[in-house]
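Here is the structure we will look at.
Chain nomenclature is as follows: A, B, C and D, assigned in order of appearance, with residue numbering initiated at 1 for each chain independently.
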Amino acid sequence: MQIGIIGLGRMGAGISRRLTAGGHECVVYDLNTANIDALAKDRAVATTSLADLVQKLAAPRAVWVMLPAGAPTENTVMRLGELLSAGDVIIDGGNTYYRDDIRRSKALAEKQITYLDVGTSGGVWGQGRGFCLMVGGDRAAFDRLEPVFATLAPGLGTIPRTERDGAASAQAELGYIHSGPVGSGHFVKMIHNGIEYGLMAAYAEGFGILQGKNADALPEDERYDLNLADIAEVWRRGSVITSWLLDLTAIALAKDGELAGFSGSVDDSGEGRWTLEAAIEEAVPADVLATALFARFRSRQPQAFSNKLLSAMRLGFGGHVEPKVKTT
Amino acid sequence: MQIGIIGLGRMGAGISRRLTAGGHECVVYDLNTANIDALAKDRAVATTSLADLVQKLAAPRAVWVMLPAGAPTENTVMRLGELLSAGDVIIDGGNTYYRDDIRRSKALAEKQITYLDVGTSGGVWGQGRGFCLMVGGDRAAFDRLEPVFATLAPGLGTIPRTERDGAASAQAELGYIHSGPVGSGHFVKMIHNGIEYGLMAAYAEGFGILQGKNADALPEDERYDLNLADIAEVWRRGSVITSWLLDLTAIALAKDGELAGFSGSVDDSGEGRWTLEAAIEEAVPADVLATALFARFRSRQPQAFSNKLLSAMRLGFGGHVEPKVKTT
Amino acid sequence: MQIGIIGLGRMGAGISRRLTAGGHECVVYDLNTANIDALAKDRAVATTSLADLVQKLAAPRAVWVMLPAGAPTENTVMRLGELLSAGDVIIDGGNTYYRDDIRRSKALAEKQITYLDVGTSGGVWGQGRGFCLMVGGDRAAFDRLEPVFATLAPGLGTIPRTERDGAASAQAELGYIHSGPVGSGHFVKMIHNGIEYGLMAAYAEGFGILQGKNADALPEDERYDLNLADIAEVWRRGSVITSWLLDLTAIALAKDGELAGFSGSVDDSGEGRWTLEAAIEEAVPADVLATALFARFRSRQPQAFSNKLLSAMRLGFGGHVEPKVKTT
Amino acid sequence: MQIGIIGLGRMGAGISRRLTAGGHECVVYDLNTANIDALAKDRAVATTSLADLVQKLAAPRAVWVMLPAGAPTENTVMRLGELLSAGDVIIDGGNTYYRDDIRRSKALAEKQITYLDVGTSGGVWGQGRGFCLMVGGDRAAFDRLEPVFATLAPGLGTIPRTERDGAASAQAELGYIHSGPVGSGHFVKMIHNGIEYGLMAAYAEGFGILQGKNADALPEDERYDLNLADIAEVWRRGSVITSWLLDLTAIALAKDGELAGFSGSVDDSGEGRWTLEAAIEEAVPADVLATALFARFRSRQPQAFSNKLLSAMRLGFGGHVEPKVKTT
């Protein structure tokens, strides 16, 4: 079927290419015309503006917005709300805060425009591997756009099937679900990313301890000379902790077991923070997620005020002066 | 090749059967004769005692001990030390603390018996899926026993291969490695289990927050009706957080989305605790692992003294009286 | 000076009595007339409604609202906004979320009514010990009401004075400060409570470990018979960890070293949650606060879904069945 | 009474001076003769060696060892074991691991020398403020040395007395206790320090969030200009979180509200680590302590391997490149 796609970065371009390869017609737009040109070479229909894109789509239209969460998505959705007509559908495939989905959906409903929030996981690998899709919003719109979701999703592939009863959603094992009312798609994706933070931190701590066992700081008879790349690789086969994140870890360590190209400073985006807020609202504990998030904060604040205060207290009660630390 | 196996529980029996299927001869012993009989029907050689087992093996012998860590393993290894001869090998495939390996290895070296510590992951699925093996100890003994390890390990299978340079261990991608000197196999396996604790906790927290979003306690317009089984299933395909633990989660939730058969009380074993101690010794942070371990402690202590003290303080400064909590 | 007080619970009554004792005239109101009568016997002026209270105050009026945060405070402040006149001051002494202060202040400014947010610490002990006050809002209103704050605050007392330079606020060491613009009083009080959560948890964990050292579960030669009441008492004198919360701990343990009257379930209120949200907004780590809050959540959820999922996974990969736990 | 003191650093010198001022006779030794000379001017009896110190004490002797835990204390205690006679007492006032106490006590018992482990809190302030003492070991030896403990402890002072029943230890409110068998004094002191880590971290996080609220990184209308020195000062009076550590915080912030003299790198010593190990052995949760300890580890590892691995994974799945971080 025909679909508009706005935002042709890593994710948006991958989505467009996978849809085109699956027989759909993509009408694309991006602020950067080079991105449009690149996709036009891959059989997408180029446009020159949002208005042009809307005009090139046959009603009832469907427009997939794949932009950074916050202002870029907000402004684009609002502008589309002006350009589109009753019966059209806007799909937000980005990482929008789910309460913003609910607000937007209400505003657009006044014009009988439907809003679907689609949590989209897969990153730069999605084009080849397929995207995992969690769709919130109107069920009829979901049904109408199902061919798009089915093409983007990985499908059954070679992954062993879970034994499920007859009532279970047929789509889930294909890689996409209708998760519920508007906002629920991004809510589920938000928790997905929250879990991702925790999983990443678990591997990071574990490999950190392995690496620490090789450290010169240990007495010689306490030290090993562990090969982290081999360990990541062997854990990929038959162990309890195999995962795709471990696959990526093995790839990274195979390239450089010292990870020398990285500074140690780690960024975070909204989902980890919002997951924590959701946990707090529900009074559900989220220690792993919290500490995973805070470890990233700490990684960016080598001279945190809180640490200085610890030293000030230590000096105060015990006369302790901190040793100097090497920062390489 | 021929190998003795002591301990025919879930893991030991699986190891024996996988080795037999792979063309090796297993000479087996267990305190429970029913376990011996069952394997004898599967072409293993039954024995009546440790001494009988040792006698039925041709020198140089190899004996795989697959017993609970602590006294059962310790006593068996020490007894084997008396029964075996120079040139023989004892393999501890259990979850022994790695410093115990080092101690035992030294003691056995006096009789020229070699001790290998083999971290073995795979659980009840290992027989079919293959076991992930991390082997510490004498390299020559590892080389001699490699046919056994190669049979037990999963092999390349259908898992995408990591691009590695020529110097990389050929075994790692087959599912077994020689990790270094004695103790290193169990050290690496210990960290594996530590990571496992963290991964499990990350999923548990995430699904806890999803389930909390369905809770009656929330205002109605804040609530969703999320299908956790579908969500686990969809995340298995194309998402960043796919993993074998997620596969197991999907299986469990497909059977019962409420997990009603579980009490909420969760046990822990030594590896999680030792991983934390290793982190402390190395001065490497392990917040995720720590909190994952402590959450299990808490799950078993619904009336913890520490909690009572919080309430006592709250009563003291604010006159607060705690609300009653339902325990179903 | 004359001041209206609305809300005569534990805190409000204490504030009224301390002000009256300090020579101020309190005009009081509460939904519960028994609370009004009790204070009228202590020389407060009784009123029959908000309107009556406003009428009994001479302009420019000052009204201290001491009610639970949320709807009770919100409704009262809004109603006062209707009843009061330009030049009057509303003081919110409760635990309001600081962004609500900012919103209310803006709304009231349209009628030239000033709004002060006063973080008030001291609990049930404040009447005798004095209240610690953090005041946000218009500086001139703070100055006009300073006699009230000075009376409520503890004053210098016998606490050793900190050596401070001449530019330092004279009020801080008397027990009250003007912390900045509207909202800042409750912001500072919110962080105060966040720290309180962390301090309480630190003591709770420590005493939990002491009590665990007495536990029958330990091998006999690993056990002590520590007297927790004595330990709390001795730490009050000369140790690094003396504090008022430790004083309260010592009082509670002197009454009952087993704390048998408490269930182990611990409530939480808004400030701990908001402090965490503030930390997240600022990207400042708050691991201690987070885990202190989550421990309270856990204390109320002995059969948490997240724990059940851990058990489901353990059953899945290892065939582990959890041991039964006694809940007494 | 007469007592030998070995180790005249900050703590040992303070102990000697407080005992001398209290009418006791101190026979002192230190590897640094300048330290001996300084105390000799303060009426202590100087000695030239351990043997000389032993000779200058009348039997039955009591020798207080106040040295860094580990080798310095171990070697000195063992040497004293050779020099002293049946009926003499060795007091270890340092921060020894409590299992080392038990081992030493057994060894010394063979020569009928008694070993007391005395957890000693008070830091550089102890000489004036008094030391908080937790004494493990033989009760009769404790009774004999009680005059020493009573002099070192703060006594009742001006601290409000806790209402305790008649059976309660009379000593606790004077600032010293007999905590039980050997090792228990250092066990209780270890937990004291564990709590200290948690309390310090709670304040550090809270002040970190306050300071973050002043940060230029926030939007201007989200920012306050909080005076941290005033806030620390005001919380000392009447608030729930008053404590001695807060007193020290107020002193430090009064000197420099930016704490510019500190690097942000924070050291740790054995007690925090051992407390965590004790918690693990008892299966008692200690999240606050753990995260407080790990925050110190992190403060010393700005380029931790675990952080680099997080970035490597982020690059792997999402093509994310970390932003540069300023380290000033």
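Keep this in mind: contacts are C-beta pairs under 8 Å (C-beta built on N, C-alpha and C of every residue); 3 or more make two chains touch, one makes a residue touch a chain.
Treat the numbers as computed from the prediction; the structure is a model and nothing was measured.
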| item | value |
| --- | --- |
| Residue-number overlap at the chain B/chain D interface, same or different (half cut) | same |
| Farthest-lying chain, centroid of Cα atoms versus that of chain B | C |
| Length of the line joining the C-alpha centres of chain B and chain C, rounded to whole Å | 46 |
| Whole-Å gap separating chain A and chain C, where each centre is the average of the chain's CA atoms | 39 |
| Centroid distance [mean C-alpha coordinates] between chain D and chain C, Å | 30 |
| Overlap residues in chain B, where contacts from two or more other chains coincide | 123, 201, 203, 205, 208, 212, 240, 244-245, 251, 283-287, 291, 294-295, 298, 300-301, 304, 306, 317 |
| Arrangement of touching chains [line / ring / star / complete / other] | complete |
| Sites on chain D touched by chain C in the complex | 121-123, 126, 129-134, 153-155, 157-160, 162-165, 168-169, 171-177, 179-181, 183-184, 187-188, 191-199, 201-203, 205-206, 208-210, 212-213, 215, 217-218, 222, 224-227, 229-231, 233-247, 250-251, 254, 275, 278-279, 281-289, 291-292, 294-295 |
| Chain B residues touching chain C - in the complex, by the definition given at the top | 10, 123-125, 200-201, 203-205, 207-208, 211-212, 244-245, 248-249, 251-253, 259, 262-267, 287, 291, 295-296, 298-320, 322-325, 327-328 |
| Contacting residues of chain A [partner chain C, same complex] | 240, 268, 273, 276-277, 280, 283-287, 290-291, 293-295, 297-298, 300-301, 304, 306, 317 |
